[in-house]
Structure formats: C-alpha cells, structure tokens
Amino acid sequence: MASNGKPKLALYWASSCGGCEIAVLALHEKILEVADAFDIVFWPCAMDFKEEDIKAMDDGSIDVCLFNGAIRNDDNEHMAHLLRQKSKVMVAFGSCAMEGCMPGLANFTDREQMMNFIYHDSPTTDNPESIEPQVITEVAEGELRLPAFWNTVRTLDQVVPVEYYLPGCPPEAKWIEVAVGAILSGELPPPGSVIGADVTVCDECPRTKSEKKITRFYRPQEIIPDPDICLLEQGIFCAGIATRGGCGALCPQVNMGCRGCYGPNEGVIDGGARLIGAIGSVIEGRTAEDIDAVLDTLPDPAGYFYRFSLPHSLLRRVHLVNDNGRNVAQPIKEVPRLDPSLNE
Amino acid sequence: MSPANDHYAYYPGCSIRSTSKAYEQSTMKVVESLGMTFQEVEDWNCCGATEYFSINSLPAYSLVARNLSLAAEQGASDLVAPCSACFLNLHKTDKYMGKYKDLNEDVNQALAAGNLGYEPGSLQIRHLLDVIVEDIGFDTIAEKTEKPLWGLRVAPYYGCLIVRPDSKYNPEYPTHLDELLRVLGATVVDFPLKTHCCGGHMTQISDETAYELIRRLLHNADEYQADAIATICPMCQMNLDVFQPQVNRMFKTDFDIPILYFTQLMGLAFGISEKELGFGSEVVSANAALKKIADEAPEKAKKARRDKKALPMPESLP
Amino acid sequence: MPEKNYSEINPAWEGRKPVIVGFLCNWCSYRAADLAGTSRFGYPATLRDIRIMCTGRLDPTFVIKALREGADGVLVMGCHPHQCHYDEGNYKAMRRMALLRRTLAQLGVHPDRVQLGWASAAQGALFTETVTAMTERIAELGPLEWRDTIEDIAPRTPSPEIEEVAHGK
Amino acid sequence: MTEEKVGVYVCHCGHNIAGTVDVEDVAEWAAGMPNVAISRDYKFMCSSLGQELVEEDVKEYGLTRIVVAACSPHMHEPTFRRACERAGLNPYLFEMANIREHASWVHTDDINAATEKAKAIVGGSIRRVMELEPLEPFIAEINEPTLVVGGGIAGINTALEIANAGHPVYMVEREPSIGGHMAQLDKTFPTLDCSACILTPKMFDVGNHPNITLMTYSEVEQVDGYVGNFTVRVRKKARKIITDLCTGCGDCWSRCPAKVVDDVYEAGLGYRTAIYRPFPQAVPKYPVIDVDTCIYYEKGTCKACQKFCPTDAIDFDQEDEIVVLNVGNIVLATGYKLFDARKVPQYGYGRLANVFTSMEFERMVNASGPTGGKVLLRDGVTEPQTVGIIHCVGSRDRSYNQYCSNTCCMAALKFAHLVKERTGAEIYNFYIDIRTPSKNYEEFYHRILEEGAHLIRGRAAEVTDAARLPGEEGKLIIQAEDTLIGKQRRIPVDMVVLMAAMEPYDDAVEVSHRFGIGCSEAGFFTEKHPKLDPVATMTDGVFIAGACAGPKDIPESVEQGAAAAARVLTLIGQGEIEIEPIRATIDEDRCSGCRICNNLCPYSAIEFVEDLGVSRVNPALCKGCGTCVAACPSQVIEGQHFTFDSIMAQIEGVLYDRMEDTERVTYLGSQPAEAK
C-alpha cells in the first residue's frame, strides 16, 4: 500500500495489439475513479515509468498487476518475471495473456517460417538486401538490441503463476469494473478464478435456437443470415456454443458468428476439442463421403476452433519435427478423408 | 441439362471409320444438335479388339493405355467411345491399372518409352449411350424431338459388352435404351434377348455357330413384330445386318429387319435428313421401316375389357 | 507375438516402442478384443485400451489428451454401421473423428495416428489385424513425443545477458 | 481425496495370467501408486476365497475403492460388485482391470511386454477408480397394460398369453383385420393343415377376450416414456363405419360398384370392392371404406352402400380418432412384406403374364381365393401342365438381400405338393440349397421328392418367352445351370412361381426410431442379444417377436410371441424394475440452452425446457451411451460412471510410463463456479 493508503496498480503490455489498454479507457468516466482509488505505479502506455523504477521497488510492493499480452519473446518473459516478483496479485488481462489470442496463431507455424514470410516471401515485401531483425546489431554508436523471438507463443500462466484471469479480446468494461471493484473491496474470489460468466455466449444470445442439423457450412460472404435464428443452424460457424459468456453476445447480434475470444467455458480444458465434439455432432451424413462433403465446406477447422486459444490448448502448437537440429513446424497439408470402408 | 462442351474426349475406334460410317455420321449430327463437342483423341490407335488380349496381354494393355494417356493429356475428364468393344477395352484397362499395381507399373513403363504415362482413374470411360442418357437426359431429348418415331416398332438391342458386371445399369435386363427410344416416340417391343450374343467374331471362325446366334436374335425381334432393331455397337450392327441374307438362306427364313444405330433413330426424331444420318448404307434396307413412321401418335390400345375370368396382371415397375 | 525391434523400421524408436491408446466401445470392439484374447490371437503389445460405453461417448478431448501425454497414436473402435448398441453412436463418432482428424492434421498430427475402425463382437481377428496394422503404420511414422514440441520454445538466439528473475512473490 | 484407500488385487487366474504377466511385479508396482493402501496378488480372485479376501480387507483396512486386475469386466464385474456390496462398499466404487483377455492371452510370448501393458491397464484403473462416485440404481414401476403392435400370428400369440394371465392388452393393427400373412395361406408346412382352421379360433379369441382391446385400421404415431410407463398415441383411421351399428351382414359390399385389385389380402391376384371386409373370417367383422377407391369420395355421388345398409351404419363424414394409451410394456410384432419380384427383371414378373409370386400362388391355391383353389394360368381358364418354381428370389443375392429368407424352401416344396395334388402337372424346383432344418421338414422334403417333383440344383438365370428349341413355342423357358450334372438346362414350363424373399416393411426403419430400438440396414429390428436375448431390445420394456426381427416361419413366430409374453409377464409380476444408474445428467444452472444435444439422443431422453431455456435428461429414458456428454460444447453434461474426469485420469494412468516429468495440464477456472 502506498503512503497515501491507496493500493498500488501496475499495467503492462506484452505481446498484444494494444486493444486491452484501450479497453481500460472504455471505462469512460469510471477511469477517474480508478485513478482516484489506485496509485498507478507503472503504465508504459500512458505514463512515463521505466523498467528501472520497477526494479527499484520492493518485492511484492505492487498490489495488483494487470498484465496483458502473450509471451512472444525474451523481453515479454523477462517483464512477466519482474512484475510477478514485484506484485502481490497478477491478473492475466485479456485473451492474449490468458490464452494466447491472435499472437498465439503464430503457433501454427514456427519462428523461421514466419520470419521468411514476413521479411522475404510476402507479396508486399520489398527487401532487396534480405535484412532480418537481429538480436544484436553492431553500429558505429555501439551495440543495438532487439528482443529475441521465441519459437512458440506462451500464455502468461505458462511463464509465471497467475491469480486471476480477465478474458476477452478485449475484456468488456463491465468485467473490468467487476475486477476493480473486487480488488478495492478486498472481496477477492479464490485464486485461479476467471472473472466472467460461467455460461456460454448462447445464454446471452437473443437468437432463437432449435435442434440443429448442418448440411453445409457457409462463409460470411456466401450467405445473408436470418437475423432471428441461431447462426449455427444456418450453417454459419459460431463458437458461441463453447465460448464463455460475459460479452453480451455482441458478435452474433450483428450477424457475425462468435469468434470465441472469451475462451472456453468454465472448467473446460481444451475449447477446440469441445467445438469439435459439438460441431461434429450436428453435421449430417451417414457415409464417409457424405460426412467429408459437409466438412469440405468448413476450411481451416483448426483456425476456427483454436482462433484464440491455441497456446493454452492441450497441444499448444503445431507439431515440431527435428530437421537437422532445427525444430520445424510440420502441419499436414493434405486434408484427411474418412476411409470409405467405414461405411460397412 | 446442358453439358460442358469441352470435357469429352472422343475415341472413334476403327469400325466407325470403315464398316460403320453411318454410326459416326449420325453420332456427329446428334452430338452437334445436342450442343456437345467431342474432341477426338489425336493420334489414337487400335483398342486391341478382343484377340490381342488373349495373345499377349501386356502389349495389349499398353496399346489401350496409350489412348488413355493421349486423351488425359488433352485435358478431358470423360472419354467417350461409341463402339462397345472399344468402350470395354478402354474401361477394362483403366480399371485393371487402378486395381493391379504391377500392371500399372509395367504399362506405365511401356508408355514412358514414348514419353507418355497414365494415372488410372483420371478419366471417366463412358459409352456414347451412357453419355446421352446420363448427361443429356430424357427431358432434353424429348424437347429436341421434332419428328417423333410414331408407329415404328423397335427392338432395343444392347449386346453383351456394355452390360458387364461393372455397369451402373441393370446388367441382366437393362432398360435405358428402351426408355430413350420411347422418348423418341417409338413403340419399344419387349426383346428378351436384348443382351444376348450377336455372334461376335464367330462369323469368321464358325459361321454355323454365328448364324444360329444371329437367327435367334432376328427371330425374337420378329416374334415381337419389330420393324427395326436399334443397336449401339458396330459389331452387333454388322453381324445382324450383313449376315441377314446368309441367315435367311441357311435357315430358309425371310427376315427383313433393318439394323439401325440408335443415333440414326435419334437423328430422325430430331428432324435431321436420312442422308445426313447415313441411311442407305445398310444391307437390309430401312426404307420399308421408315415408311411406317406415322404423322400421328398411335392410338393407345384401348384397355381391353377385363376378361371376367382372367386374373389381374401386376403392373410393371414404374 | 515376439516384440519387434521398432528401431529397425525407424531409428527414432531407439529405446522404446510405440504406444497407442485405444478407446473401445463396451458392446462390440471391447468384446472383439476379449474374443481375440480367448482365441489367443497375438498382436503387438502397443495398445493400451480404455473401455467406454459407446464410441459416441468419445470426447475429442480424450484423443488430444492421450497424444499430449505421450501416446504415439489413438485407435477408436466401435460397432459397424447399423450395429451400434445405441442405434447411432458410431455415426456420431465417425463425424466427430472426421472433424478431429482434419483439425489435428493442421496441428501436424498425421491422420494415420488417429484411426477409427469397427469390429463386431465376433471379429476378434479383425481387431487383431487392425491393431497390428496400426502399430506398423505408427512404427513407420516414428514417435510423436508431443512433450518435446511443447518444451521447445526454441530461442534460436539465446540472450544470456538478460538477467534471470526468480519465480514467485 | 487423500483419505481414500484403494485396494488392488492382481489375479493369477491359475496360469492364465501368471504364466505371461509377472503378477507379483505388477502388485508391487501398484502398491507404490498414490492412494493405494493394499496391493495383493492372488491365485483365483473370482473364487469364494478371493472374494472374501476383498471383503475382509475392506472391513479391516477401511478400503474405500477396489481394483481387481483379472479378466474381462464382461466376465466378472458383477461378481466383484456383489462382493463390494457385501462388504458394505458401494458397488460402483469398483473397477475391473482386464489383464487376461487384453494382456496375458494376447502377448503370450513376451513376458516383459505383457507385464508392462498389465501395469498400464492397472495404472489406468487405479487412476479411474479414484474418480468414481457411489451410485444407486433407479427403480421404475411397471404399468400393468401391455401394447402389442401387429396382429399377425406372433402378435396374436403374445396378446393371448398375456391376456390369459389376467392382464390388460391393447392390440394395434394397421390393416382392417387381424390375421396377418397367415390368414392368406391355404396350407401350412410341413403338416399341411389348413391355415384358416388353426388361425381363426385364435383370431376369434383376440376379438372377444375381455382383457384385450383391439384397435384395427390403426397405427401408433408416437411413443414417449420408458419401461413401465410408456405413453402411446394411436391413430384410429376412420373406417367410415359406425361399428356399434354394423352387423357385418355384407349388404354394403355386395352392392358396391367399385371393383379394385386387392393388393393386400389377395396379393394382387383378386379383386375387392371399395367398401370391403378383407376376408370372411376377418376380426373384427366390420367392413371399411377405402376412400382412395370409393366412387363417392371421387365423384361426390354413389352412396350405394349407405342406401342398402339396414342399420344406417355408414358414416361418410367419420374422421380419424386419436387414442392415448398408458402401458408398461410394448411388444412389436409388425411382420414382413414380400420382396417386389419386379426388381429382378430377368424373371419377367410384371412382363410375362404367367409368372406369379409366391403370395399370388398362395391365394390361388386357397379355396377361398380368386380361383377357388384351382391352379390356373393368368387367363383364369387353363391349367398348367408344367410349373417351374424358382427359389431365392430377392434373397441370397447381393444385388437385393444377402440373407436367406428362411421359409421359402419349405413353402416351395409345399407348392410342389399342392400343384401335384391339384393338377398333376410336372414340377421343376430351381434351388441353390434346400434348407429344411426344423422338425419334420427334411421328411417333408423327401416326401415331395417321392411325389415326383424335379429338383434342379441351380440358380435360374432367366425366364424368357423367346423360344429357340422345338417344344419351347408358347412356353416360358427357365434357363439354369444344373450344377449337379454340370449342364445348362432350358426347361419349358407353362407357369413360373417366384419364391420372393421376406423383407421388412418400407417404414420399418422409421418405426424402429419411433419405438427407440435398433434395426439392421434393411430394417429388421435388432434383438438385445441374438442368441441369449432374442425377443428383448436395447430399450427396456420394448420387445420384438416374429418376422419383424428377421424371416421366420409360423412355428418360430409363435414361439417368439410366447417368449415375448413371458418377458412381459416377468416384468408385470415384479411390479418394478431396477435400472443401471449409468446415465447422463445436465447441470441445468450452467446449461446455456444451445440445443446441440437435443436431437442426438437415440432414446429422445433429452427435452428442452422452453421457459427455463435449458435442456434436461429424463433419467428413466437415458441409457447412458454418453453421446450427448461428448457433444456438450460447454461441458455441463456429465456421464455417470464414465465421467470426464474418470476417463481423463485413466488416460494418464495408462500412460504412466510416458507421463513422467510431463508438466501437469493446468486449466482455467479450476474453481467451482459457486465459489466466486
């Protein structure tokens, strides 16, 4: 507690888009209450603090650290350790810190393939000298450093222990309020808790739901959905069935299937597996060929099922195969088909 | 349904260029009026007929596979053969290459010598009748029919080659040619011997055997008062047509049944002139039969008053 | 069946052999495995089976969990179509497995590592053949070792100068 | 959990397990597993001494969970569950590890591999048993009335057995009369007694039994509920007859001007009127108006029947009636239909006049049939001099049905006899194999041979009227290879009879779904066990009898009818039934109402509670397959005894040697929801 009696608050931004920072501002006028109630000791996005200031603090002297962003490079990891050391309560703030989110999609590939694409192969790249970022670059003025890029994106709790999780990409303001309120009142839930609903998005979705039978999937550009009927029943992929509620079913209400940013429901180990089980249950087809024909209309299932949660799923990333000492991501390109002998 | 124009490769075969020109003539006319385009396989060669397979199978398969390779190279998805024997050999080669790895390797090794190769299954091998029935469909054919073959009694003759076990049509008693002729307006007679042997090459080996087989077919068609027999195979047509006088002589019969290609009958119904369809080249003249085509649909035979004693007859399958 | 030396098929097996986790339905395939036993049909000791009431119970999480915890393959077996004890559980398994295998392929799990098959209670021999064939296939594919994939965060350029900070408060 | 004490017992099974698996090593290894308090190996665990060992240990050491590593759970799970129960332990806290059928017997030549695998299996069971929960079986009360669907000989027998035992029965029959196919037959093999003579008294009994409520011209539309407590909706189709007034005098149908081919009772060989009673001995005796062929419904005038009805019993405006029944058990005896012989075009049925089906022929030889029992060609005048009978039409043929239709050989032999008896014609039977495996059947076969029928072993290739040889003109020629003499034969005959296969009704699959039971692809209903439980189904309280479960002759159908009745009477006698508690349950507080699970249940056990917006499992209907459990996207459906946690733990257990050092999976929200 600071000398003024206010709890000390730190906010940090690792590998993320910055949306979570904006989400804090989405508290609108309540942000003033936050500023009043807390002594903000670290918020690189908004205030001028340096790493050195944190290092100078006593261990455990920060009451709450809201940490957003995934762990992508050595600097992210270093800051996670540092803030963990200095904070009493660590909150994985937002989908990136909690389950990997968009940065986590990099786990479908590896560092080298990604660098090759970004710095060499992508159609818009103009890099005649084939320059790649280096950790250490010698220049006349001395040595320049960039963070070292890891092969795999991890979540905050895979690097340091985490007390609470605040899901969402970004978290909805009302849940930030709940979290802030809990901290201020001291009525904290048991460690490990997720600050969010314990039902899925379907519970909040106003669309009419009935029994489901999917004969084919439609991508958003292929169909104008009925505004009142469950999107999944119309063949539009919607992760709402397996996604923790709390957002107020924003996407389905504007004719867009839930993307799954709040992560899997309470108690679920692998959200993608739940989606496979559920979607696989309601597609049509009694023969290998018919089933495959329906699934052919759903390209990139892993992308749909693990869009936000790959680093926090059971498998965490695409399989790595050792290739001459380098670990290389090796997805299987060919789409597996069911053996027609299963029809008999 | 209007078919895509560019996906049929066309394998004519040797008969159609020699003994059965009327078949090709009429085929081309019909295909044209249906809006289809057949792209002839360039530099095609013999299908091996039946003999070569019995003598030396690997060269025979390779010979056929060369045609497949050329057709596939042309970018076709379907290979059409109007001759039943060609169809069978092409189909058989494609199927066996897919089924037997060793054969596939050997044949492809042979093809490689000519810078060719064939991946089994890359072409759909189809008989002309199948393409017309499946891809064009009876509805389109009915629309195209300008001069229905009213009053003409036709026996549909399938021959033995297109009904081998792999057929998607009933191999024991196919009915798709029946249905096609019915759509053209003809009166289709029951023809129990519709898949029986025409004698094949036995005419060259044992005319007694062959003529007896031919006689049975002619006799059966005659029993059902057929004005003509519709065929789908040059070999069938030739045997039944060319040898009809010999059969008459040998069995002291007086059969006078013209043997016509189904495409000739289609052409007639589509309003194409007899000349363009190759009429006149047949040995047993079709003139008398063609005169029977009436301007009006035959009156439906009045339902005979139920014989009080007779037992009801089951309806045939729809 | 004497233990094969799997490293002859794929040197990566040095020191161990394939491990396949099986999920067998109570009514058909588990009984097929029982019948293989009573008939003394030998098959490789690679399969470690788990009984579930129906392949319809197969939660995709179970398959992923097994791969994650060290299995080299997962074999799911149920009743033949139209013979499911619960009417249609096997069809549901087939649909889910189709989707699961597509998803796992994108994550680098070869589809042959996650197989679905049927065996009736009378098909002890078919059960044996299936396990044998799958073992051979897994032997060719080599170990999966998902642990290695997870543990590899592979900082290709280590930066030793960044100081280590201890975990915890 | 730490106070849980697991007892592990590794069985030697004499030499069966111990010969291949190092049981001492497995037991010693298991002792080191967490929570294992006792680990023993023992010669024969299933012996009374072995069971007592478990019971004593439970009492002495306070064991709370038991693992027995021995044979298949299908062998001895019930044995050890009872032992646990005797020791005061809930039987569902027991787990069987199958190290005999799945380890020692299949890896006989490699003791190391077998032992390693046995450890994996035992490891999985120990981890699993820790997650199990005590369960209590459900008790369902049995309603006394029984529904019998189908009034053929199988259903008639079931109904009479149950009714005679003093219990109420509802019989629902689709046709206007009960009697089924047996009512169409003339003679029955092998005794050749008259079908009507033995059937009519039974039909009469059903119609007049005080305990039987007969609903003909009716169909079951919907079935809800579970064993002991089914609610059944029956549609009684409008007969257009006021049955209370009708005396069955027959004035109506004798005046009806509409004559149509009777495809049902006369199998297409005879005619009936639009208002008709299928046959003279019909039960009930009332006629019915077929609105599809009645002139009044087509043209608006006629009403001849009404004019002549002496009791004013005709009601053209009568409408269907819905009846709801509450029954405890259901017996399905819905019978079969005849294979459509026109699908085999080479046999010419529908094309060649003198080709008949077996059922047409039955009607022909029936004294009350269209020809008065005379064997005549289609012209209705000529007696045949030669008759060919072709077996296996639509059966034993991959193009149609692979199965043997069971009854046709005997029926064909019976036909041979009847033709001989009535006409003296020459008979040729074309068969693949003659199958006569029941009492006095083979004797009958020999009798027919002695009567001079020609039996040609060869499947007929075709029936044609294309004559080729002298003597064939005007005949039907059956071409077949006589495989006993190795020759092709052409037999000219006047008449051909096709022994068409028995097939399930076209709507059999739909009916099976309606009653929640399984059926084969063709549509024959599936028995619970083909050998040991042939009249029960996977759905408790729903039984099957007769040809709806596969081709059967009269004796077999009668036996099954009685067997089904016995099973029903057992349940009625018990008054209640224990149901295994392996069930799915939905945590309604956490159900989001997405309705993914709603149409997955094969037993319709899941209902959606509209006003709460949640789904709910009816535990009495649920069979515990778990398909909804795996489907639930929010993981709020749990499958009892095969819970998510128990299977996840078992996976970790079987991978005991692969999991060392592996980081434990953490997952979000490890706290129960209420805690927050």
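The first chain written gets the first letter, and so on, giving A, B, C and D; residue counts start at 1 in each chain.
Quick note on the criterion: contacts are C-beta pairs under 8 Å (C-beta built on N, C-alpha and C of every residue); 3 or more make two chains touch, one makes a residue touch a chain.
This one's a predicted model, so the numbers in the text were calculated from it and none came from an experiment.
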Chain pair, A-D or B-D, that carries the greater number of C-beta contacts: A-D
Distance between chain centroids, defined by C-alpha means - chain A, chain B (Å): 65
Chain centre separation in whole Å, for chain D relative to chain A (CA means): 52
Between chain D and chain B, distance of the C-alpha-averaged centres to the nearest whole Å: 47
Computed distance of Cα centres, chain C from chain A, in Å: 29
Of all residues in chain C, the ones touching two or more other chains: 59-61, 65, 68, 81, 92, 96, 150
Residues of chain A engaged with two or more neighbouring chains: 269, 274, 277, 280-281, 314
Topology of the chain contact graph, where touching chains are joined (line, ring, star, complete, other): other
Set of all touching chain pairs, with the criterion as stated earlier: A-C, A-D, B-D, C-D
Touching residues (chain side chain C, partner chain A) in the complex: 59-61, 63-65, 67-68, 80-81, 91-92, 94-111, 116-118, 144, 146, 148-150, 152-159, 162-169
Chain D partner contacts - residues on chain C that touch it in the complex: 1-3, 17, 19, 21, 30-31, 33-34, 36-38, 40-43, 45, 48-54, 56-62, 65-66, 68-71, 81-89, 92, 96, 128, 147, 150
Of chain A, residues touching chain C in the complex: 59-60, 74-75, 78, 81-82, 84-85, 87-88, 108, 110-112, 134-135, 145, 148-152, 154, 160-161, 269-270, 272-274, 276-277, 279-281, 283, 285-286, 288, 291-292, 295, 298, 300-303, 305, 313-321, 327, 329-332, 334-338, 342-344
Of all residues in chain D, those that touch chain C in their complex: 72-74, 98, 100-103, 105-110, 112-114, 116-117, 120-121, 124, 516-521, 526, 538, 582, 600, 602, 623-627, 629-631, 639, 642, 644, 647-648, 650-652, 654-655, 658-659, 661-663, 665
Chain D partner contacts - residues on chain B that touch it in the complex: 170, 172-173, 175, 190, 192-193, 216, 219-220, 223, 307, 309-317
